[in-house]
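One chain, chain A, appears in both complexes that follow, with chain B as partner in the first and chain C in the second.
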Partner chain A sequence: MTDATQSGPMLAADGTPLKKSLARSLRRRKLRALALIAPLLLFVLLSFVIPIVSMLFRSVENGIVAETLPLTVVELKNWDAESGELPDEALYAAFTKDMVVAIDEKTHTRLGSRLNYEQTGMSSMFRRSGRQIKKLDPETDGPFKDKLIDIHDGWGDIETWRTIKTHAVPITNGYFLNAIDMRRTPEGAQAQPEDKQILIKLFGRTLMMSLIITASCILLAYPVSYLLATLPMRVSNLLMILVLLPFWTSLLVRTSAWKVMLQQQGVINETLVWLGLVADDARLVIINNQFGTIIAMTHILLPFMILPMYSVMQTIPPSYTRAAKSMGATNWTTFWRIYFPQSIPGIGAGSILVFILAIGYYITPEIVGGTKGVFISNRIAYHISSSLNWGLAAALGTILLAVVLLLYWCYDKIVGIDNVKLG
Partner chain B sequence: MAALTPISRKPMSVVLPAVAIAGGFLGMFVGAGQGSVLLGIVIGAALMAGLAWVYVNVLDNERMARWITILGLGALGLLFAGVTGLIVGLLAGWFFAFFIFWLYEGRYRQKLLPYMTGQQVFWHYAFRVICGAIFVFLITPILVVLPLSFNAQDFFTFTPEMLRLDPEGYSLKHYRDFFTNNEWQRSFKNSLIIAPIATIISVSLGTLAAIGLSQSHVPGKRAIMGILISPMIVPLIISATGMFFFYSDIGRFLEGTLGMDKNFVGYVKVILAHAVLGIPFVIITVTATLVGFDQSLTRASANMGAGPVRTFFKIQMPLILPGVISGGLFAFITSFDEVVVVLFVGSASQKTLPWQMFTGLREQISPTILAVATILVVISIALLTTVELLRRRSERLRGLSPA
Partner chain C sequence: MKVKTTLMASAIAAVAGGAMAEEMTIVSWGGAYSKSQLKAYHEPYSEKTGVTILNDDSSAEAVAKLRAMNEAGNITWDVVDVVAADAIRLCDEGLAMEIDPDVHLAAAPDGTSAADDFGDLLVSDCFIPQIVYSTTFGYRTDLVGDTPPTDVCAVFDLEAYPGKRSLEKRPINNMEWALICDGVAKDDVYDVLATAEGQDQALAKLDTIKDSVVWWSAGADTPQLLADGEVIMGSTYNGRLFSVIEEQKQPVAMLWDAQVFDLDGWIIPAGLSEERTQRALDYIMFATDTQRLADQAKYISYGPARASSAPLVGQHADLGIDMAPHMPTDPENAKNTFLYNYEFWADYRDDIDAKFQAWLAQ
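Now for the complex of A and B:
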């Protein structure tokens, strides 16, 4: 106890102040822990977070017009889109100059397909005019206004130039407006024409079907989890295999099984016809529509509902219900007032999990959903691989991601990330 | 407690209607096979109710009654529908022999609490039947796929030969197709290349990070955990979209600037993408194992002069191995099962087994898919067993440690 009589700070064995020495050791431990985490964190940041962020950026990025037609964009600034008159010769000259360069680099068709998302016909106009504009010499062949209009009527249409001017900005909200069935026009955001309004409906359908799937999962999972939680451990472990086996089976196996079961000539229809419940010429249409998607996805996501419910119900002491009954409660009162409130955390955890998973599903709706039973993710995949409107795909993905992250935040608040368990 | 419940014989007015309903249900299926459902229901109900009446009032010998029912219904089944009928008949006979006396003797109350009312008893069994139906729903698709994969025809439904249990109706030809068809074999090989390498990457990086995360005083632990788990939370279609843009840029860079082989770059892209997807599973399982890990063991080992590497391999690794392996299995199955990302990131030469199945299901649906599905089910049963055994072992190990 000599330290107590010393006036200076407490010293460690090597003579440094104890406080400093402890802080140093703590810092070293922190650094070591971080060094262990760092490789993985870098890996995930590089190959997952950055791709996602760059996708988010792609949903607003719109450099293509300004890059392909740099001179035209400068000239367009001087043109008043509201005037109702065609642009002047200077703009046509600038446009020809830009186009000759663009045709040389073969970028004009890409610009055409980009503008085609906004106004149909643009793609073919750029492609067809391209062949003839190539022959013009920007230095000597002027004036260009009449020549261009000769090549294609579209260049004499004010709408063409208005569209180009509207979408010449490098950062655009156009894709997001498209994603919610609106479009960017010179007069500001406006609704799409009626026949093009499909995405809001699709978002609504995705939410609606995910809700139905979640609800039917609750309905089916509740009795099963209750049974598993109340049976003796040995029996419930055996029955648990029936839940875990589908959980572990490949998603494609289960989807193909449903395709086999639900087809017109499939197992369910054949059995019903055999039993005489359904006439042979009036077989049930239960695939390639919403019903098919709902039933297959309910089956696929059911284990994700049973497992959290089961783990919550296991912790409910059976003595509570017995106490309630001994005090004269009926079966229904016991269940509704005593058991059910205690099982709500399990329902909440399972529902959010199932809903998050359902809302972003792609494979199952694609195979059993036909055209009526598809989700927003199928539309994203369509824009990525078929229509090549990547900006719109990115915008749709961003909206979906925002919804999922919001739900996930709720999940974290209610259940906690640390409580995620597997198997 | 349960054995104390007194049981008493029940009146015929309870037994006969219940047996008749069950008999009618069986009769419906037999009737459907013979052409008239309604007649089947009526005959089935009458036959079973009559049997019950005879057994109870005339025969009064349970052993004999059981054999009569089993053999009688078996013979009827053989007469109507051959071998399948025999099996169904024997099973039905066993059930009815049990069911009639179970009801009549009141055995259904034997294992229940003595004070339960009739309604409660009924609800108790009704609830079990409902749960049984849900379990059937859970398991049916798998049970349907297994026998159909042995179909001798190219149909997706049970042929009459199959229902008659005729050996002609069964064949291994879809399996043969899987093992000889180049397309399937190539995609199988691709899966076997991609999944293990992706698993190794995610397990090695993931285990290190989980050990780092499990230590106290990690700054920003929640944020780090959130980032590491995010590949599991973000819907696959969004991950796939993001990776599609990103990896096509990376691929262009590797091929164009560094002049790497196109095929090789393709594999690298898919493997990296799958490794990221597997990471959350490794992190979750390994951190769960580390929760019960006694940190004083590493301190003791350091005390005795072992360096951190030696401590890790000799002390920590053997104890957390079950968690690491089951995390690895999760990562493996994630990659082995994955379609969306490989569809977007990979090119045709990286076609994996799920991708091949997906195109098969969408375009030219061939029964070989069912054979592949059966093989995958068998693989997943094997993995499930492994994980379960490992979990038990891990619990045992943790039970021994003083934590």
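Now for the complex of A and C:
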């Protein structure tokens, strides 16, 4: 008790000032908490953040030209691309030297594939020329200009050198330009020819259809969740199983089942024809188009809407609606003024979940979407696995991510993210 | 003490034994195709050498995955089955090992060198051909009336053959067929297709049937669409049609006209350790010899890539029917054929694909 009567700072049992001791114990607690979540944090960092960032970096990274043809790139700086004349012998000699090294390391074909994204024909030009240039000795076999043009007349085309010069930068905006239907040219950014413009259209379609799917999920999920939340436990449990059963079924199985249902010789059309509602030669086209994608994806994503809605509705006390009714409100007023506002957080959570899942969907649109019901993710998949144009795929992915974040921000401004509840 | 030594000894033995039980991972397409390789190559090879073979059905994404593995510096595959176009791409990217056919592949029984035996089918320095398959059309015999189609241009003839047809959702093959049916001579097809006007011409021809086309992306789509009567004709791989016709007994027939030959075969990833490379080469030497290639044709209707294997093709292992008439290379079927132009498509694929997809989306 002597401490209490002393003047000066209050001391803990071991004699240190209480303030310091408290701060230390708080810090220790924080460290302990951090240590507890460290495995998860590390896991997320290593398996999620780093790969994504490195993938996104590919959308601007373009070291390959300067790495494969270092001497040529230096020489190209002295060449005026607008002069309308072929580069001089010094450049051809530098190019031969670079190529001999590149062929030895087998990187010239890789550069050919890279440049082929920009100018069709580069791939075979590098591959074919490689076999001939290999035989040249850069020290003694000069001059090279005519020899190279002899090997492939592409080397005598000014466009070839303009393309190489344009894309010799280590950090490029070319992929992002491609991703919005433009391209990098010696004259600056230009629009792609009209018959190759498709990506902006696909972005727009992806957003539009994801919105439609989210809206139809809200319409279908609301009454179901309401029933689930208000029916007696025994019945609602049974209903819940009906909701969860498809949720647990494989995505591919459900998508294929929709194919069986919707195709022209499918269950729905057969039934309609049998009932005489539809003529046999005028069967409905409800698959391999946008309609098919919307139906299948609405069904597949429905549980992601129902579950958050249900858990929010369950927490709305029935006494509120009873109170409203006892004060003379009609059924509609009770619902619209009392019940609905309280269920909005559920709608908000479900909508975000469904919309973000829908925007990145790939396999379902691929199977039931035909040509008009495919999303931007189908193009990303093509560039990742078929064309190997990972730079463009990364640029498309970055844009998609930015769009989602932007929409999320708007959503936060309009609805408020605090209004979102998962239960 | 004694117990401890025994334990340690057995632990060491177990570790050594683990290292000796050799394993290799072979990547292929899955389904009936992998099964045919299992029967014809893997099982006899395991029996002969004791090497355990693990299957990975990832060929469809092989190029992208190999590139990712290469960048990560951890290649887990030993031998990979890919189509020739992918092999060329992998070779260009430096992801596949170069092969010397006369050193790494077995000569034919009559002494013909491997390079001569495979002949023109060695389309890339890294590619070891295995089978010849074709992309061709099948049609519903009960839906085409009294005059079954004999010409590929029936696909573009909506008057004689009304109904839906299925085509692959990519420009390759479709553009060629469109040009041929628009009056371009077979030898000029790629010259025409290399020009913007030629590409527009092909798309314009495809435009005439666009509303009647179901576009497929998986090889199993057309067989399903034909079996359900969703389409009256459609393109797919000949082996898929064989299975619809002979194994499932559906009312479907082959339209071999203007079939497009393509090749499928092996590559060995670049950057394997010396030991694994040797093992992979040993497997390749075994699995691509004359008898083994002929054996595979017992299980699936794809033609062996060696000239010397063709006379050895026998009967289907389960159905007991002669396989020769079902081979795309059979003279009766191969009256009018195309060979996939690898060089052209390696150059033009991205350009034409962009146009094709934009046209599809219109």
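Observations on the structure shown:
Everything that follows uses one rule, which is that the second predicted complex is superposed on the first by the 338 of 423 C-alpha atoms of A that agree within 3 Å, B and C clash if a C-alpha of one lies under 4 Å from a C-alpha of the other, contacts with A are read in each partner's own complex, and residues count from 1 in each chain.
We adopt the following convention: a contact is a pair of C-beta atoms (placed from the backbone, for glycine too) under 8 Å apart; a residue touches a chain by one contact, two chains touch by 3 or more.
Just so it is clear, the model here is predicted, and its values are computed rather than measured.
Overlap between chain B and chain C is detected when the two structures are superposed via chain A.
Using the contact criterion defined above for the overlaid structures, shared-chain residue A:106 touches chain C, although it does not reach chain B. Look at A:276: by the touch rule set out above, it reaches chain B but stays clear of chain C. In the superposition on chain A, contact is made by A:250 with chain B only, not with chain C.
Within the superposed three-chain model, A:263 lies in touch with chain B and with chain C [touch as defined at top].
Within the superposed three-chain model, A:191 lies out of touch with both chain B and chain C [touch as defined at top]. Of the two partner chains placed around the shared chain by superposition, neither chain B nor chain C is touched by A:323. Look at A:408: by the touch rule set out above, it reaches chain B but stays clear of chain C. Within the superposed three-chain model, A:384 lies in touch with chain B and with chain C [touch as defined at top].
Judged by the touch definition given at the top, the superposed model places A:208 against neither chain B nor chain C.
On chain A, the surface touched by chain B in one complex and the surface touched by chain C in the other have residues 263, 265-266, 366, 384-385, 390 in common.
Every residue of chain B that touches chain A in the complex is listed here, in rising order: 28-29, 32-33, 37, 120, 123, 127-128, 130-131, 134-135, 137-142, 144-145, 148, 155-158, 205-206, 208-209, 211-213, 215, 217-219, 222, 224-231, 233-239, 241-247, 272-273, 275-276, 279, 281, 284-285, 288, 326, 330, 333, 336-337, 339-340, 344, 354, 357-358, 361-362, 365, 369-370, 373, 376-377, 380-381, 383-384, 387-388, 391.
Only residues 105-107, 109-110, 112-113, 116-117, 120-124, 127, 192, 195-198, 201-202, 263-266, 288, 366, 370-372, 379, 382, 384-390 of chain A touch chain C when the two sit together in their complex. Listed in rising order, the residues of chain C touching chain A in the complex are 60-61, 63-64, 67, 89, 91-94, 164, 169, 200, 214-215, 217, 228-230, 343, 346-351, 353-355, 357-361. Interface residues of chain A, counted against chain B in their complex, comprise 26, 29-30, 32-37, 39-41, 43-45, 47-55, 58, 220, 223-224, 227, 239, 241-246, 248-261, 263, 265-267, 270, 274-276, 299, 302-303, 331, 356, 359-363, 366-367, 377, 380-381, 384-385, 390, 393-394, 397, 400-401, 404-405, 408, 417-418, 420-423.
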